[in-house]
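What follows are several structures.
Two complexes are shown next, each including chain A; its partner changes from chain B in the first to chain C in the second.
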Partner chain A sequence: MAYKPQYYPGSSSVAVNRRKHMSGDIEKLRTVSDDDLVAALGHRAPGADYPSTHPPLAEMGEPDCPIRQLVEPTPGAAAGDRVRYSQFTDSMYSAPSTPYFRSYYAAINHRGVDPGTLSGRQIVEARERDMEVYTKATIESEMTCPGLAGLRGCTVHGHSLRLDEDGTMFDMLQRVHLEGGNIIEDKDQVGVPIDRKVNLGKPMTEAEAKKRTTIYRTDGVRYRTEEEVLDHVHLVHHRRTMYGFRPENASETAAGTGDIKYHTV
Partner chain B sequence: MVTTQESDPVQYEIFPQRMLNPATAQELLNRLEQIGGIIRVLVQGPRLPLTVPYGPGKGVPVDHPDREIVRVGDKVMELHVKVGRIRLESEEDVMEEIREICEEVLPFPFELKEGLFLRRKATVTDYAKYGPDELVEDKRIYGMSDPNMKPTASIVCDPRED
Partner chain C sequence: MTYKYPSEKIFVEALREKFAGLDLSEQKVKYVRAGYLQSARKREFQAAGERVAEKRGIKQYDANVHLGGMTLGQRQLVPYKLSTRPDIVEGDDLHYVNNPAMQQMWDDMKRTIIVGMDLAHETLEKRLGKEVTPETINGYMEAVNHTMPGAAIVQEHMVETHPGLVDDCYVKIFTGDDELADEIDPQYVININKLFDKEDQNEKLKAAIGKTTWQAVHIPTIVVRSCDGGNTSRWSAMQIGMSFIAAYNMCAGEAAVADLAFAAKHAAAIQMAEMLPARRARSPNEPGGLSFGYCADMVQTMRIKPEDPVWYTLEVVACGTMLYDQIWLGSYMSGGVGFTQYATAAYTNDVLDDFTYYGYDYALNKYGPDGTAPNDLATATDIATETTLNGMESYEDYPTLLEDHFGGSQRAGILAAASACATGIATGNAQVALSGWYMSMYVHKEGWGRLGFFGYDLQDQCGATNVCSYQGDEGECLELRGANYPNYAMNVGHQGEYAGFTGAAHAGAHDAYCCNPLVKVCFADPSLVFDFSYIRREYAKGGMRTFRPAGERSLVIPAGI
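After this line comes the complex of A and B, so read on.
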């Protein structure tokens, strides 16, 4: 039987969603056209060619290197694209994803991406066309609610603020707004107006956001109710502490030595 | 050392579960303004800048729809912040009046707290801004301004005695 990775412990909806984000088994909820996405990213004009920093690898004549022979370049690297970024912000009020799980998703499911994980934002740097593939997959899927998450290259502090009266995340630069029940983006990710209205679809209702979220919250799935996750976190903590401090005692948590019970404070 | 006395005004903080739209904020402030005995009102929240403050888009106009002009009583002012909380100081106990108004105006839950939210004594920054305490005529100015504000920012002062 083929090995099946076990991405995350736990049995609650939050744990299931975390496993889905990590494995890349995510549901597509909306469609954003390529040109709309390029406009929202703001790195080049929609329809324009990809600017490059070097000739295509096939024309360059690469040195004889076993690693280069082993690793197939991504389409962006093969074409010599520039490195560009996309950055997401997720509200702490039950947004579907979080910076950590966006990074897990990017690193596990996409090649040639460099995820940066911060408390309130998550950035991915990659060759331009690879970055666009990653961003499109993310923005069209259940990982992103247009009302509770956003493509924001700067001023991301809305993630930790209370929601607006209409239930959307506050944005100082007002990159998106509600129009006829849909979230419309009319600025690029750094707040420069674009010449089109990108329709990102309807924001999730409060109930749906709670169903799809990967955030443990006291008003949703409580972290302390998730015994398997707590047990696993305690195990990792114990092993890290013991291996760093008293390695001779670390064997007590080695595989096959029996169950060790950890108790939540 | 006694820092608070029975005769000191009471202070309240209204902390709604959602950030207020300008229309809701205006209605709430107007209703609060009608309560007798209110000395000071401070509106606090995240800034709404006129232009993108930093990043590649620095300097581009924002045109935030919440940066509206609101009328409170006979004063007209432009909101520079998204209203997140309102702090009030009153000469008498008006907690129940405030609670009633909030319950009527706000369609979502809110917290109403009594405590010390606006300072009464000058800090070193206040000394640098306004000079020695004995020379400051209206001491209600203390705690009413953003320490990081630009000299172009404005504070609405109503010199009424009540």
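After this line comes the complex of A and C, so read on.
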């Protein structure tokens, strides 16, 4: 029987959405043109060639190497692209994604990406054209609400601040604003003005954000009601502790066996 | 749940002060974007920067120098209330450069060394046949208090230090021998019976110290501001040696002097912090070598208020976070303006207090009195999970609280500290408390899909594997771990908390000390410049500009600036 990844425990909408993000089974909600995306990222001018740090691999005469034979280069690596980044900030007020689930999505579903996960931001570094593929898929999908998430290279503390009065995530650098019901981006990731208005589409309603979110909250799905996830966390804690101490006894004291019981408090 | 302590949202009062007139539970707000002008301290800085630039002809501070000329402070700049205190200060007042009380706390640690007297007395009695009596000890104490600040003794025509510049320098004596203590001039004695008069702490300490006799030496603050912490033992030992020579009429060059010097410098000397290995290259008595147990022992609230272990625990957290995060990692290791707001989250606005009292009450109701909960993973799992869930729900229910702790590292440190401190008090075991810390980190990360900065992926995801390890290169009991323990050596927002729940375990067990009874007694001394019983009160005084530190040069520089 073929193995079918389960990805994540839990039965609530939050757990279901987490499984969707991890598996890559995400819904496309909007379209952002390639040039608009390039402008918002701010790494090169729309339409310009990709700057490269080395010649295409095919022209470099690479050494005979079993790893190189096993691993097919990504398009960006094959072309010699430089490594560039995209970084998202997600509001804690029920933005659809969270840093870890962005990273899981990137690492499981894209090749050649280097995700970094923090509390207020999540960065992916990759060869430039590979990064753009990843970013475009992310920003066009249900993982991103343009009102509650955004491309931010710096000043990312808005993730935990109260929302602005129009319901969008606070941004000190005001990279986006609401115009005619749509979120318009007119500065790049680090706040440098760009020469166009990138239309990122309508922000999700509060109800839709709560339906699509991957964060547990008291005003949404309460974390403490998700027993299967908490028990999973307890099991991870037990295993990491016991395998660093006495691995031979770890199974005897595992969740639900032996004298010690781990179950959601 | 029946609350023993006031743990029901005590941070709300601080939030009302900070976010005056605003609905604390509202998720949306109109952002005014008033920039630095909204803060009195920032306006003061701006004016000062302009004066500096005019005076020296080189530009300096300018709040308008930022991305594209946008000023920092585009959201509401809110002040900070010191936890348990009514005092409200600006965040800038809690940077150690701006806060003389914080500087003095570290100065008082760095300039301290504990030196045993028994080896020297044995040398005098057995090798030289001299008599050591309480009278001779009093004579020695007079000599050493003359010379320790930098005065000449034995040798004539020596250069000396100005007494007014070194008025914080002195030596006291303490012992577990009540008879001897009674015969020493009280001005020189740290009175264990009087200072540790609750819960029989004095008897526990005297039993631990026994008949041994120790000097608590505090060299001048101004000296450790010019020299490193390694100088403390050398400055102290030189003056101790000279004092013995004078007090016991010794020949300055006789071989026994070498024994006295060796005892004072090495054999009988207890540094406050260990020397660091070459890769971090610091002398003894520098913060990276300060163990969590010693840090917890330096804080004295346990003897003032033993019936409230949370209070003591959080004073240790305040001490440790300032020292380890703001001074050690923020300046010694990282450089730059440092990591002040990692630390302030732990000792301002009554947030950690609220979360910890909640966990403490939960444990009291479920497991009974302090220190009686089972020492196992199930206890850590239970208390840490409940404490963390409560804290997360508080952040969710109070958006201003979430905004106050705007960084995930702040929230992670606070939630895990509350969990570990409550677990430590409940079990009386620092290792179980440490397990509670990691449990909290896992619960937090999984609930919100985020934790702290990159480093939290390192030590907080793999640290559980070392909780039960006692091998020197892999683990250690928490009391003996410190800022240079491999897994902890680079991560802000952790080390002060570790010190805190090291203390929590012993406060929960209602011990008299955590790691070293000598350190506990030494820092009980009311003559110290910084009061180690009330860490947050002292920080508040520093922030309010009412704390008077030692080591100032006013006597020898022109008046005014």
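We take it that the second predicted complex is superposed on the first by the 252 of 265 C-alpha atoms of A that agree within 3 Å, B and C clash if a C-alpha of one lies under 4 Å from a C-alpha of the other, contacts with A are read in each partner's own complex, and residues count from 1 in each chain.
Just so we're on the same page, contacts are C-beta pairs under 8 Å (C-beta built on N, C-alpha and C of every residue); 3 or more make two chains touch, one makes a residue touch a chain.
Every value quoted in this text rests on a predicted model; they were computed, and no experiment measured them.
Visitor: If chain A is used to align the two complexes, do chain B and chain C fit next to each other or clash?
Guide: clash
Visitor: Touch test for A:Thr98: chain B only (first), chain C only (second), both, or neither?
Guide: A:Thr98: touches chain C, not chain B.
Visitor: For A:Met60 in the superposed arrangement: first (chain B), second (chain C), both or neither?
Guide: Neither partner.
Visitor: Contact-wise, after the overlay, does A:Tyr223 reach chain B, chain C, both or neither (first, second, both, neither)?
Guide: Only chain C is touched by A:Tyr223; chain B is not.
Visitor: Touch test for A:Thr117: chain B only (first), chain C only (second), both, or neither?
Guide: A:Thr117: touches chain C, not chain B.
Visitor: Touching A:Ala45 in the superposition: chain B (first), chain C (second), both, neither?
Guide: Neither partner.
Visitor: For A:His177, is the partner it touches chain B (first), chain C (second), both, or none of the two (neither)?
Guide: first
Visitor: With both structures placed on chain A, which of the two partners, chain B or chain C, ends up touching more residues of chain A?
Guide: C
Visitor: For A:Gly153, is the partner it touches chain B (first), chain C (second), both, or none of the two (neither)?
Guide: first
Visitor: Considering only the listed stretches 41-49, 383-391, 455-463 or 473-481 of chain C, which one runs into chain B in the superposition?
Guide: It is 41-49; the other listed stretches have no clashes.
Visitor: Once the two structures are fitted together, what part of chain A is touched by chain B and by chain C alike?
Guide: Comparing the two interfaces on chain A, one with chain B and one with chain C, the shared residues are 154-155, 157, 161-165, 167, 170, 172-173, 190-192.
Visitor: Which positions of chain A touch chain B when the two form their complex?
Guide: Touch list, chain A to chain B: 42, 153-155, 157-158, 161-165, 167, 170, 172-174, 177, 188, 190-193.
Visitor: In their complex, what parts of chain A are in touch with chain C?
Guide: 18, 92-93, 97-101, 116-120, 154-155, 157, 160-165, 167, 170, 172-173, 190-192, 214-219, 223-224, 229-230, 232-234, 236-238, 240-241, 243-246, 253, 260-262, 264-265
Visitor: For chain C, which residues count as touching chain A in their complex?
Guide: Interface residues on chain C, with respect to chain A: 26-31, 67-68, 70, 74-75, 376-378, 381-382, 385-386, 389, 392-393, 396-397, 399-400, 402-403, 405-409, 411-412, 435, 438-439, 442-443, 445-454, 457, 461-462, 464-469.
Visitor: Which stretch or stretches of chain B touch chain A in the complex?
Guide: Its residues touching chain A are 16-21, 24, 46-49, 52-57, 60, 62-65, 82, 84, 107-108.
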